[in-house]
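Going by the order they are written in, the chains are A, B, C, D and E; count residues from 1 in each one.
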């Protein structure tokens, strides 16, 4: 499958947005989107981790295929991700303690964000080459970041209105996400020609 | 409720009281992604339950030997192993089911429910209760998925387990098979449960105030 | 107290004067401004459009009334906002749309689209569009089944799909369409014809109402007139529709220059589909749009460009609805990025 | 800014002016009330110190209280009579303040008997400032800020232009209007006094274009002097606010939290300068001012020259207030506070007495984000968002992110709000809460 | 806790985990292979009714065919199906094309001698349920592929306007997905036809 980079970008950023259309990274999407300041920080950290671990996984996958131990893929990927998160944490802690204080709580959570694991799995399944993988990792995580920010801003707005106690919380967030998802359906078919 | 004195049965706890889907709102990715048919929902639920039982059991077994600093890494490694095993087992059992669940079996690794149970329960309790907890949580999760799958399949396709329910002229609400429908169905269930819980709490509160108002305050 | 006859003093806070507008007045006038469109629609499509508009309007008003009461609150139907939602929803649906689906759409528009967020003023998205988006996703076939305008027997018979039994599939109407259509008018909308069959329709006749489409989106001139009425009475912000339409025209012109054979000209884009209706009556929903002047321009242009992007590149023939919903979702961000520079601020500053 | 020949304010609102009832009526004197109540604090700053004893006789124009420091002004007896007592009296704000009660003699004339002539051309700026302080003149546009303080700009600030505010944008009020029509010479004289005190070569008098007769009168009186220009500006509320006027006339923006002196300006109200021009040559003190008494419920509306300390009740009786239920406003309808008592005395800062009929209670709708308030806010704030935050008690955010403290409560937002949300009231409460929080911290 | 203990622990852990995975892999490998082959056979039989056995070829980057010996491959495959007598029934090809929502993966049967498409089945898609996804289920649509002339470029035309044997009668309301199928076939045949014709005899022999 030889997809153009533009297709990969539009596809993973908008049409098959990880969060709104493929349901990846749901826990953080629902859990960390109450505040915009948290959401975009989380989004950017995830972007960073996804890009780095995506590239590393691409390299590791070549090794795995060479050794004919494809069945170890999953465990290797998750180790790469955990290591990336750990390294990111250490790096930020050392170079920007202020940023670390703000992000500290969320960083370990990235390990259990399935959007992060999905990127290496998808790029392997789709046989992307190196450039494609990188573009895919960037656009998919960018899509995640964008969806996070959108939802967070919309949620912050609902904070200012009087919502019945019953709907407050996850149910309301889900309805918001659902409308966002419907709006994103408008992008479907983009680049499909016709 | 703070009035409970005996520790809850770990199995029932997960199945109902601390239901992962409706109460803890954990493991949302498969909950939303793999519930457009009841069959897939059940399969995914069972796969997760299986992973939970194995990983909880293994982690409980080695819990005393795990160095504290690397415990998360250890749990993740064990969970990844359990998931890989499940992955191959599902593939061996049925390829269509495997295809339907798509990438979401490997993604069980990143299901926060599994790690959460490892950290919150299996790391502190013996093997048997941990496995019970895993089974309870897993089945509770499967229950949640099935609930969601039912709404989505019945409304979205007019069928239940692929059996047509409304005759040939039924107009399915395609929306429910699409991503927005996943969000909406979960929102509906959460609203239903919230209403239910609110009412129950009010009754409980009313009942308790009548009998022993002092104890509620403490 | 000799001489002074005033005996009761009211102590109020300033200001002691108030401008002439009030929310219910604005909402009422928006309803008035949509009535000519509804009338035109009934003239074009006959009984089916009439019952469709009546169903959505009554559905929204009743849903709001009942749900408010069920929650133990006072009913808020008196502010006319539910009527706007209902009428607007009806105007965006195809004239022969099954009534049970329309009723469902009204319920969705009001319940999760509006009341769940806390009622008037709190909805993040335009409720009518939430209802329509739900219907579009749920019943993609029914919502793209258009019927010809000015059918001869339109005041004597209904479109066969109108009275579909609840929960049931609407009957196929291809035969009915070929039987009733008058020369020159087909069921397919110009956008669909252009996109899938590359059949170009002349824009100006469309502007005067000669085409198929959703029940209220057809008479371009009338939509602009009604919008002008609201702008003139200071009940609508003129910046958003102007920005949206110019954004759309600019984007369409760009595409057209790039490949005139494939992408139709801006005038065609302007007068087809729901662009005029959406820009005038939906994008301007104040609740879901930004409040800062610069924000309104950005918001409008963004929606216009998105509409054209979706129409030209996407899989759907029409993009107004998704564009406006996306605009709604972006409006908090736009507000945040375009804070007005306060008088005397020492340097321009952003709120982020 | 100069698109139609007239300088105009882009934000703000067109409020029905309602000035026609009184704009053509010449200023008339009001008779002395049976009892005058002269509060010691009629200005912004420290209260004056009484220098009379109970029972003492005072002559109209005689000082009865002296300034307590630089941020204070003296008081003068408004009428010849006897000091009844020195005791607390109600004030417009509600709290009690010390006041000198004077019972005028029944035969007391309106002639000012106290004072002696002086030639300001012979005085140094410091002497002018002292002389201005001695007149007791404060800002008569409503703020009541001691005028002489403005004549001494803060260290390091150079004033290049004097701006004279003749806009009077509040509906109903016509005091400044009448002062400009009837006393243009005094206005110009007062302007020269402050120019001299500040050492400034240039002055601009800004008058709204709905007062053509005032502009004509001023121009006529100023025919021979190019250093003072009279500019017409388009009528719009709140054109009379200092910040707006400065921006429209000279294109300068007073920085947040700053003073006109920060952009090289000093701003005075026309009525203030007219009083200085009138009083200073004779060493007189400020004992009366022009007040517009009007409103739908007043049978004899007009512009009255009222002795300071006249109780509200007397004014209303003289002007023929008839309505049974009403709210009484000191100042204009947009910013003036409503009072709860007939016994409060009129002070130096009162520009008008407005009697409005009782209003129907209006439904308050939720904010529909119509942005009308954003469009009119002359300070370019976001009242819509501020209002929403205020409802959720998020006062800190209002101050830190949304510039709450810039708001000067012109009430344009409340005026236009179709949902009838009392935005200005929200902002007052929010500011108060923030002040209290800071005081606690 | 010193790092030696940690590293030793992690080492032992990964060893155990690795062994566990390898064990499961060995146990299930055969079974999975059988499953996959069954699935493949079923879909081939569906496309080429009456098929008895098949040969799997891999199309090498050079455009040459090589008999596939098993195991995973990322290259495109070509299946040749034969009846009991060893006579070539047709070839089955895999193809992908971007549809409305995502990529449509499909398999179709092609008769090299008659140059017609004789069967079509969707392997994977995410087209709109109830609309676009009818390309995999709608009997009227699938009837297009009983004998679709492939000697002329295949196109999909609007529902009810099919005139020529190389046209696909689109599903009403799902024009984009139907056209995607048209493009899928046209592109794949344009690419594969020379390869098939070049190796026609070899495919007929089955080596």
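One rule holds for everything that comes next: contacts are C-beta pairs under 8 Å (C-beta built on N, C-alpha and C of every residue); 3 or more make two chains touch, one makes a residue touch a chain.
This structure is a prediction, so every number in the text was calculated from the model and none was measured.
Shared contact partners of subunit B and subunit C are A, E.
The central chain of the assembly on a C-alpha centroid basis is C. Relative to subunit D, the chain whose mean Cα position lies farthest away is E. Look at where the CA atoms of subunit B average out and do the same for subunit E: the two points lie 35 Å apart. A separation of 49 Å divides the Cα centre of subunit C from that of subunit D.
Rounded to whole angstrom units, the spacing between the C-alpha centres of subunit C and subunit E is 45. If each chain is reduced to the centroid of its CA atoms, subunit A and subunit B end up 22 Å from each other.
Each of the following residues of subunit C touches two or more other chains: 112, 118-119, 121-122, 134, 137, 140, 196, 315.
Touching of two or more other chains is recorded for residues 17, 21, 25, 100, 128, 130-131, 175-176 of subunit E. Among all residues of subunit A, those that touch two or more other chains are 71-72, 75, 160-161, 167, 172, 175, 179, 182, 185, 188-189, 191-192, 194. Chain pairs that touch one another are A-B, A-C, A-D, A-E, B-C, B-E, C-D, C-E. Remark: subunit A residues 20-27, 29-31, 71-72, 74-75, 78-79, 82, 108, 111-114, 116-118, 121-122, 125, 165-167, 170-172, 174-175, 177-179, 181-182, 185 touch subunit B in the complex. Contacts from subunit B toward subunit C in the complex involve residues 166, 169-171, 173-176, 178, 180-181, 184, 187.
Contacts from subunit D toward subunit A in the complex involve residues 366, 388-389, 391-392. Interface residues of subunit E, counted against subunit C in their complex, comprise 100, 128, 130-131, 158, 160, 173, 175-176.
Touching subunit D in their complex are the following residues of subunit A: 159-161.
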